[in-house]
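The following pair of complexes shares a single chain, chain A, combined with chain B in the former and chain C in the latter.
So, the complex of A and B:
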């Protein structure tokens, strides 16, 4: 697999997973930026396990997921039903604290980071195929689970919380438990995503986990469409791929382009490009076709 | 003991800037009903404009300060229609939309600053604005010009702001909207126009803060806005969103806390410790110590 294609496929998948990890808590109106800190915590921990303790990659990845879930669960005990702005600032604060701790930890390379992670499968070509297989396998599993969540009672409860918390509470929805569930799930996804993110480049550096990553994920969700999981799927490849077509001078301005796109979409098309109505119309079109085919 | 006193003096001057920032942020929250998360980025942008004008005019302080204040007001007023457009209902704080929009504005400001001015490198203000020579020195305790200015201007600006809020007609309109937007509309207060006044007023405050920060720090970098933005939002949440008096207390406290931690613990850990304390308070009391006004 050519290197540019590998990076395109791998980073697109990571971006979709990251966007989904933010999308899930946003279903109850929480902008849960702690996911970026979780990516760093799980990623660095997995790299430490692989490099220093020679733990196999598969186990390190599982530890990454588990660590993400644990951090997410503990934090959600406090902010499962907190107001949006409190959730936002907890996320940002976590990113700062995590970055400072990693920066000062010699065991994970401090400001230099961790380099020279081993190839999974022994050689670079196999490494690329394994990473792509894991990422897209994960994408299918997570996508399926979120899809099922959306069509379940819990998904409908989340929609009610998003529209009106007080009304949802009066309908008997346990807002705190629902918030804890989506926050923990989001952090679990982010944990695994963080491990894979570093293994794509076979290195970990603090520059991977900056506030720019928050900006990219936000642009994917809000421009793609925050009301369905498909918005992220459509926008992540476009957002990563289209700037590659521009000259290098313009490419370096991509954060400005993302910011401008975010503002324009919020002003002109607040629900983003892929709206819930659009998804319903496609679903009904497809099910209509299916019915016609089944009719004798 | 001398280190402690020196750090308290540092903390008071830094805290007075946090107080001004939180006051501007809360004014926009209460009257314009937006969460302008990147308000500190607007302030840092004004610092850069001040620097550009100082460079262009051979360090003409008057023009530099004027440019800083004007740029902050203009940037705030330009963003006003965008915020009004994304708000679902006028007369209600639409936290999510306005905060995300503000983050988008912040992304653009930070990236523009890191691409255009001084090739993205930190800028240094001239000695005429940020003199590092101490006004007073007793042992380890030294009082710098920037510290005196930021404390004095901070006290004057906050007092003037509270005077305007509690002793003038526009101030009454501000408070009426903050208390009950629909009631304010019923008694004839124009929500949109008064909201615009709050954008302009917070812009003026932003310009003043930009100059004070330039005097106190002597430098600025594109990432400064982001770091300050998180602290301002944290102070505002700890105090209770929209609580002006609470913001005053917590802003000063954070400034002093940060300075004291910096005095005893190495630089890179000091920020983290301040953030850990903020995190603990937010986790335990997500709605603030003094109660939210929303």
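So, the complex of A and C:
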């Protein structure tokens, strides 16, 4: 596989997973930025396990997921039903706390970071295929689970909470439990995603996990479409890939182009490019085709 | 029949070999992975300016082996994601690259250069980062401890009255390690190092930090922070009655235009250390200074502006002395030739001084301590580690 293609595919997959990890809690109107901190916590922990304790990568990845889930669950006990603003504040604070803790931990390189993560499978080519296989396998599994969630009673309950919490509560929806579920799931995804992110680069640096990552994920969700998981799938490769095709002369205008696109979309298409209605129409078109094919 | 068939086959083989060899390019293209947009775009601009200045001089003098050299800026926007994809593109057919800049992008992108056996000169980072990627990069600086401990000790020796020193430290990349090296040098003089005051990367108010430092009753202060923060901290110190301005030492990474623009008259009398001496009087340096001033509204060249200038000349020397042709069919071997040469350059004529490399590390670069007077640096002393 050509190297640029590998990096494009791998980082795009990470961006989609990260966007989904924010999308999921946003279904109950929570902007849960703690996911970026979770990426760092799980990523650095996995790197420490692999580099210092010589734990195999597979186990380190599982620990990354578990750690993400654990942090997400514990925090959700306190903010599972908190207002959006409080969840945002907790997320930002958590990013600061995590950065400060890592900066002061010599065992994980402190401000210098961690270098020289090993190739999974012993050589660079196998490493790349394993990373791509895991990432896209994960995309399929997580995408399927979110799709099922959206078409379940829980998904409909989440939609009700998004629109009006009081109304949802009066319908018998346990807002806190639902919030805890989506927050924990979101942090689990982010945990694994953080491990894979560092293993793509074969190094970890605190500046891999900055607010810029929040910005990328937010742009993917809100321009792609915040009402369906497909918005992230469509926009992540475009947002990341198109600037790479820009000629050098307009590379430096990239941020301006992003900003203009974001403003235009928010003004002209506030729900983003991929709306729920658009997804329904595609689904009904496809199911119509299936029905036609099945008709004798 | 057999003989003529043999001749035909040999001719066909020879033709195919000759025919397959791609010609060497008509110019030397050197991509520069740089942060041209984003938070450190101003630094990226003058790094690139230095590299392009060198290319212009080289081209005016006939190029490298008669072919012009072209620096191609590749913006990584301080983004590891973008840096890694750009490096992945460049390793396909580049002979040698400059950058990446800065540390997060270096860590994401340099493993790709290493894996593909391509030299990429990271001329702005510390040895502690660069050496992880040897022999496919070189360090512009010797080890932080070897370099900074004697340097800061030389500053301390000027002031026998200085008994207690505190450091403001911003936790970014190699900076805490640099602060540790300062502490080692000063402790060696019997100076008591007080508790460091951490300056958050996103700090906006500096009064409380200064109060915290002054509570420790220091006689001297070292600033290991970004340039604008150092200037704001010094302003706060002055507003709280600090008098001994030369007992304030600013570290090299803060020797940037923001220090002078923000600090203005309040930084008069402070001392600062760096690796270049702007007061040097040589035709080459004077021409560089003048060209920089012309392109930057009369400003003096910042401390890192010469790094990639020298790096381009180093690449020129490597190509000329190793017989590199630039032919794509010899790419792998010629990349290795360049890397091997650069690891152990001897007597390299940099714009400021000559130096040697030993296994990728410079061995005899001087450092300087200056006093700032009316926005200009006045040399106090040259220090050799």
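Note that the second predicted complex is superposed on the first by the 282 of 296 C-alpha atoms of A that agree within 3 Å, B and C clash if a C-alpha of one lies under 4 Å from a C-alpha of the other, contacts with A are read in each partner's own complex, and residues count from 1 in each chain.
Quick note on the criterion: contacts are C-beta pairs under 8 Å (C-beta built on N, C-alpha and C of every residue); 3 or more make two chains touch, one makes a residue touch a chain.
A quick note: this is a predicted structure, and the numbers were derived from the prediction, not measured.
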- Query: Given the superposition on chain A, are chain B and chain C in a clash or a fit?
  - Reply: clash
- chain B versus chain C as contact partner of A:180, first or second or both or neither: neither
- Query: Is A:146 contacted by the first partner chain B, the second partner chain C, both or neither?
  - Reply: neither
- Task: State whether A:255 touches chain B only (first), chain C only (second), both chains, or neither.
- Result: both
- Check whether A:267 is in contact with chain B, with chain C, with both or with neither, and answer first, second, both or neither. first
- Where does A:11 make contact in the superposed view: on chain B (first), on chain C (second), on both, or on neither? second
- Message: Just to be sure I read the superposition right, which of the two partners does A:208 touch: chain B = first, chain C = second, or both, or neither?
- Response: second
- Message: Looking at A:89, would you say it contacts chain B, chain C, both, or neither? Reply first, second, both or neither.
- Response: first
- Query: Of the partners chain B and chain C, which touch A:103 in the superposed model: first, second, both, neither?
  - Reply: both
- Query: Between chain B and chain C, which residues of chain A are contacted by each of them?
  - Reply: 103, 212, 252, 255
- Per the touch rule, the chain C residues reaching chain A in their complex are 36-38, 72-75, 77, 79-82, 84-86, 88-89, 91-92, 103-104, 107-108, 111-112, 115-116, 128-129, 132, 171-177
- Query: Hey, which residues of chain A end up touching chain C in the complex?
  - Reply: 2-4, 6-8, 11, 15, 103, 110-113, 115-116, 124, 200-208, 212, 216, 240, 243-244, 248, 251-252, 254-255
- Query: Which of the residues in chain B end up touching chain A in this complex?
  - Reply: 35, 37, 82, 85-86, 95-97, 99-101, 103-108, 110-112, 115, 226-227, 230, 233-234, 237, 241, 268-269, 271-272, 275-276, 278-279, 282-284, 286-287
- Message: Under the definition above, what is the set of chain A residues touching chain B in their complex?
- Response: 29, 31, 75, 78-79, 82-86, 88-90, 92-94, 96-97, 100-101, 103-104, 211-212, 215, 218-219, 222, 252-253, 255-256, 258-260, 262-263, 266-267, 270
